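Letters A, B, C and D mark the chains as written, and numbering starts fresh at 1 in each.
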Amino acid sequence: MIVEMKTGAGKTQVNAVVEKAKSLGLGVQMNMGTDKVVVAMLGGNTGQIATDVFAILPGVERVTRIMKPYKLSSREVKKQNTLVQVGGVEIGGDKIVVMAGPCAVESEKQLLEAAKQVKSAGATVLRGGAFKPRTSPFSFQGLQEIGLALLAKAREQTGMPIVTEVVDPHEVTMVAKSADILQVGSRNMQNFTLLTSIGKSGWPVVLKRGFSCTVTEWLTAADYILTEGNPNVILCERGIRTFEDSTRFSLDLSAIPVIKKASHLPVIVDPSHAAGHHDLVPALAKAAVAAGADGLLIEVHPKPAEALVDGLQSLNPAEFTKLMAELRLVAEAVGRKI
Amino acid sequence: MIVEMKTGAGKTQVNAVVEKAKSLGLGVQMNMGTDKVVVAMLGGNTGQIATDVFAILPGVERVTRIMKPYKLSSREVKKQNTLVQVGGVEIGGDKIVVMAGPCAVESEKQLLEAAKQVKSAGATVLRGGAFKPRTSPFSFQGLQEIGLALLAKAREQTGMPIVTEVVDPHEVTMVAKSADILQVGSRNMQNFTLLTSIGKSGWPVVLKRGFSCTVTEWLTAADYILTEGNPNVILCERGIRTFEDSTRFSLDLSAIPVIKKASHLPVIVDPSHAAGHHDLVPALAKAAVAAGADGLLIEVHPKPAEALVDGLQSLNPAEFTKLMAELRLVAEAVGRKI
Amino acid sequence: MIVEMKTGAGKTQVNAVVEKAKSLGLGVQMNMGTDKVVVAMLGGNTGQIATDVFAILPGVERVTRIMKPYKLSSREVKKQNTLVQVGGVEIGGDKIVVMAGPCAVESEKQLLEAAKQVKSAGATVLRGGAFKPRTSPFSFQGLQEIGLALLAKAREQTGMPIVTEVVDPHEVTMVAKSADILQVGSRNMQNFTLLTSIGKSGWPVVLKRGFSCTVTEWLTAADYILTEGNPNVILCERGIRTFEDSTRFSLDLSAIPVIKKASHLPVIVDPSHAAGHHDLVPALAKAAVAAGADGLLIEVHPKPAEALVDGLQSLNPAEFTKLMAELRLVAEAVGRKI
Amino acid sequence: MIVEMKTGAGKTQVNAVVEKAKSLGLGVQMNMGTDKVVVAMLGGNTGQIATDVFAILPGVERVTRIMKPYKLSSREVKKQNTLVQVGGVEIGGDKIVVMAGPCAVESEKQLLEAAKQVKSAGATVLRGGAFKPRTSPFSFQGLQEIGLALLAKAREQTGMPIVTEVVDPHEVTMVAKSADILQVGSRNMQNFTLLTSIGKSGWPVVLKRGFSCTVTEWLTAADYILTEGNPNVILCERGIRTFEDSTRFSLDLSAIPVIKKASHLPVIVDPSHAAGHHDLVPALAKAAVAAGADGLLIEVHPKPAEALVDGLQSLNPAEFTKLMAELRLVAEAVGRKI
């Protein structure tokens, strides 16, 4: 942390900064510039100390953080890539994992049909929402417990591991019975009560990026799960909110190489929610693989025109099968497999 | 809802749109343009129907929503302003309400000192956080239950109603024992489980705007509370995330006249979290009152330099007293009182 | 400028950073941390040196700029407020200046009517666009030279100074003949060829903020004008682009106190372009004055329903007269006059 | 265009809307809903009429545009892909075009070295800036005329066509003498004077996306060039401004499939300016090709550590050669060549 004093700040003001640093167990190094004094704080934990404790002191112009605020998700703390193992599927290794299925579980018929279709096309994890956080209280909220039971049945019949969302910190154990991977939705990325509860469960989790959160905040949210002793965190980029209105969100594929540099955690991409339109999904899915993603989360519905939720962004089974063939070629081109 | 067909869309495709509309109980009106067919959907509830159900059909170019998705928070549903009554204080009336106090409850001494100071300066509600949702798990998370007890004590000693945050849907009843107004933080605006739980409690609530949510999404989130039969919703603008980096968030004061037109709910402003720096708070607080806000939520700490959380954005008691005097003049200039 | 080395960076790498600094005439101060080495660069001009020259070197983790990149517009360089004098009107002093008139000059009748109306309501500068930069080439582009002649006529008849936009660096002298203040539109804030040309002219100029530029970039753009020896720069906040869609742009009133702290230049506010709807203009105009703006730029049209450009955001003369009365009260409440 | 009346709007108000439509040569279709009247405007040119002309009328709630504002760049107007031919290189066809070279022309030695290196690695167009629009007036502004002469020399020696930026509408002819493709920088995308001047020249042009402009605004800006009779427009995505701070801009790869659907113009991608760091460029370049880009614009410098501008985001020749090999594999995987 670097504390820059105002031009003309006096000795007493500089001393107050130094005293504050000492009281927090930090070392200091003084830089006496021609115009200003700059105090550098030394110590392993400055990423966790609020900049405010110095910024508020008289005579301080600005405080700049140099250490990143995240720690456990950082590659500085753990050099090798984290591999998450779920029901025979490895996430974060050479093989790119495709998770596919309907946005919402709607009925036994719909779910089982979707499951068989995505499996036969090559997906290895089945997605499907039982608890649906919806913008409006008047929209379909998911089949809830009934949906969970259907997911368990689909797993039994197809052998595919299940990924499904959990929204209430008190329902983690219940949802985990029907799910191999829990999902934290974008709107809950900073629901710290939920993150802590999932951390305690030890269950594998897909942590979707908050649609207006920085990569730094995302990795810091992952720390909430990791610090409870749960190492099985899979990050999922799903588009950020910007001014652009031709897509639902702007898929931030730059986040993939950024995370690969900064963190050891696997990162997958959900092109369906970002695009908001099935026409755009194939191009973005291929781009995600080319950019280095460890997996994809793709919405597939047996009959998109009859979907209760997000039909416009769902691929139909034929489109998904075609995409899988294309993805295999792109994966090979970047030295991986699907 | 307006469904625009593609240039050259055939009769079968148009008919499919019309059939879909009928199956949803909607009337239709056909517009046969020179280039394109446009189908207008008629019916009172089109704001609650997903545009996707039409957009996914073959031959459809685009679907445009005309009805707003929110309903109960809308001024079309309720013409007169909602007034929320809390312990002798009315929010949403002529008198502008100032809620002030420390960001976090840190100790009995700190809280009681702050309470007396803000009361003597003219604040009528005491704010203070017991449960603090923090970006990093390694930061101070609040005094929690102990903090609630201190808030109850401050209320007893000063007679001021209390506003404090709740973060867990299962703790609403517990927090409500020490609080007159619950607060939903910005990161929880779309935590629908929490909103529903607060809706059921009937307790007055300050609903902070999600820092990347539109006014439309915010009013739709308010519907989650209203639809459970709880009319006591106070909206709070606290800054949105933009590219600008000289402030922590960009305070969106345009939201005030927008909401006054669109909704009957009272709206207050938190300049402290938006600005991120105490130097900027007075100008923004005055601007909020001039723009028509029904109240303010301001961070005041007896000794900002010793604050455990957000010291930089807290006013000290002298600054707050000075600001209150200035606010009275601005309130009068726009025909209101403080 | 602070150069943070990677954990484990070797002596040779640190030395290369030091050598680079010396080659640029900078002093260095070394901070040997437990984990990392941090090198602070000392010297008066580090705000003008690209961070890249260090960031690119092997072993460097990150470079943080501490000095601001702007210089001449900074309050560190000039302590007292800049006052711009234009035809008997002072901008930046105690009196708040209201510039008003139609978005575009449409006809002699329209302009003269508007001029008389805004003058009688208390505006002291007349605005009107002759050159209109429009998003689409098929939209009305302004009356151009004919418009300039009409503005000159309006000045003659009313005695009001004129503010009008210039879009071509080679037309500065021509436009200046009919204008007392040149205007640089939002889309041209970083048209550096235009800024330099205006700088050379010495003419007073309203520099509108680019709708996606930070305050720092805005003040740095002002430096392009100031460095040519033209001190007569008036900044104008007119809304920034965000995700919010209930207004055309999000008016960033926080920029006012931020600029008052960082710069000596006067700053005015254009609520009309930000809001995009006349209903919202009065609340935002009052908020701007309460926040400390030195002036306002407001669109007024004799008959908004017949305006060729931006009719929806224009006040009619009666609305403007009413607003002026309200603004006087707010101005007094914050110790100023209109 | 759809004009929605307010609930309870009277006959006179509806009639005024209809009359206005007729006066503009539009047909109307009335939709008498249970709550509201909605008037649909019919006619081929509604995309060019401002929504304001209706929105301002009494009793109107909201006006929604259905036709896109752009016309000549639209695929509705021209079905087949536009191919731009430049010195033996075709842009927009099966073969992906790589344009590479230094950000700024710094010296004869630097430019010729770079030219030979990128040519031998497989680039077919040489990039290099002679006029550099810089955020600060105190930064290096390019070699200007001298730089143009060096570019002409590099073309002579290598046979590669040149792409270089033009910033002044009055310098288009001069720059075109040394350039095969003109470039409009991001900050000039809405410098309509410059666009018109380039349109008149007929010269091929790379139109970079404004960093805060929507795809719709970008295609509408292209119309400024096309409407002057110049069909040789190449779009270039280079990152948009968002809240994310781990990259300089957020590369919006979704824009590629969006444009391929909406427009006939070729689109290339500049990953260097978006990323701001050479480490991220390869992943983003591969993603761009996988997403369907027609070309790439990549910064390569013989010695990035000595670059005067943007060294951090420049690849060195070895990195570029390696990337070209990887790009060939990805291009083949999506059925194209480099």
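To be clear about the criterion, a residue touches a chain if its C-beta (ideal position, glycine included) is under 8 Å from a C-beta of that chain, and two chains touch if they have at least 3 such contacts.
Model, not experiment: these values are computed from the prediction.
Student: Specify, for the interface formed by the sequence copies chain A and chain B, whether it is same or different in terms of residue numbers shared by both sides, with half as the dividing line.
Tutor: Mostly same residues: over half of the interface numbers shared.
Student: In terms of C-beta pairs in contact, which of A-D and B-D ranks higher?
Tutor: Here the pair linked by more C-beta pairs in contact is A-D.
Student: Hey, how far is the Cα centre of chain A from the one of chain D, in Å?
Tutor: 31
Student: Centre to centre, by mean C-alpha position, how many angstrom separate chain A and chain B?
Tutor: Each chain's C-alpha centroid was found; their separation is 26 Å.
Student: Counting only Cα atoms for the centres, state how far chain B is from chain D in Å.
Tutor: Spacing between the chain centres: roughly 38 Å.
Student: Mind pulling the residue numbers of chain D that touch at least two other chains?
Tutor: 212, 241-243
Student: Residue numbers of chain A touching chain C in their complex, please.
Tutor: Per the stated touch rule, the residues are 2, 4, 7, 27, 29, 31-35, 38, 40, 42-44, 62, 64, 66, 76, 241-243.
Student: What residues of chain C sit close enough to touch chain B in their complex?
Tutor: These residues of chain C touch chain B: 212, 214-216, 240, 242-247, 250-258, 260-262, 274-275, 279-280, 283-284, 286-292, 326, 329-330, 332-334.
Student: Can you list the chain C residues touching chain D in their complex?
Tutor: Contacts found on chain C: 48, 50-53, 55-57, 69-71, 133-139, 167-170, 187-188, 190-193, 196, 211-212, 217, 220-221, 223-224, 227, 241, 277-278, 304-305, 307, 309-313.
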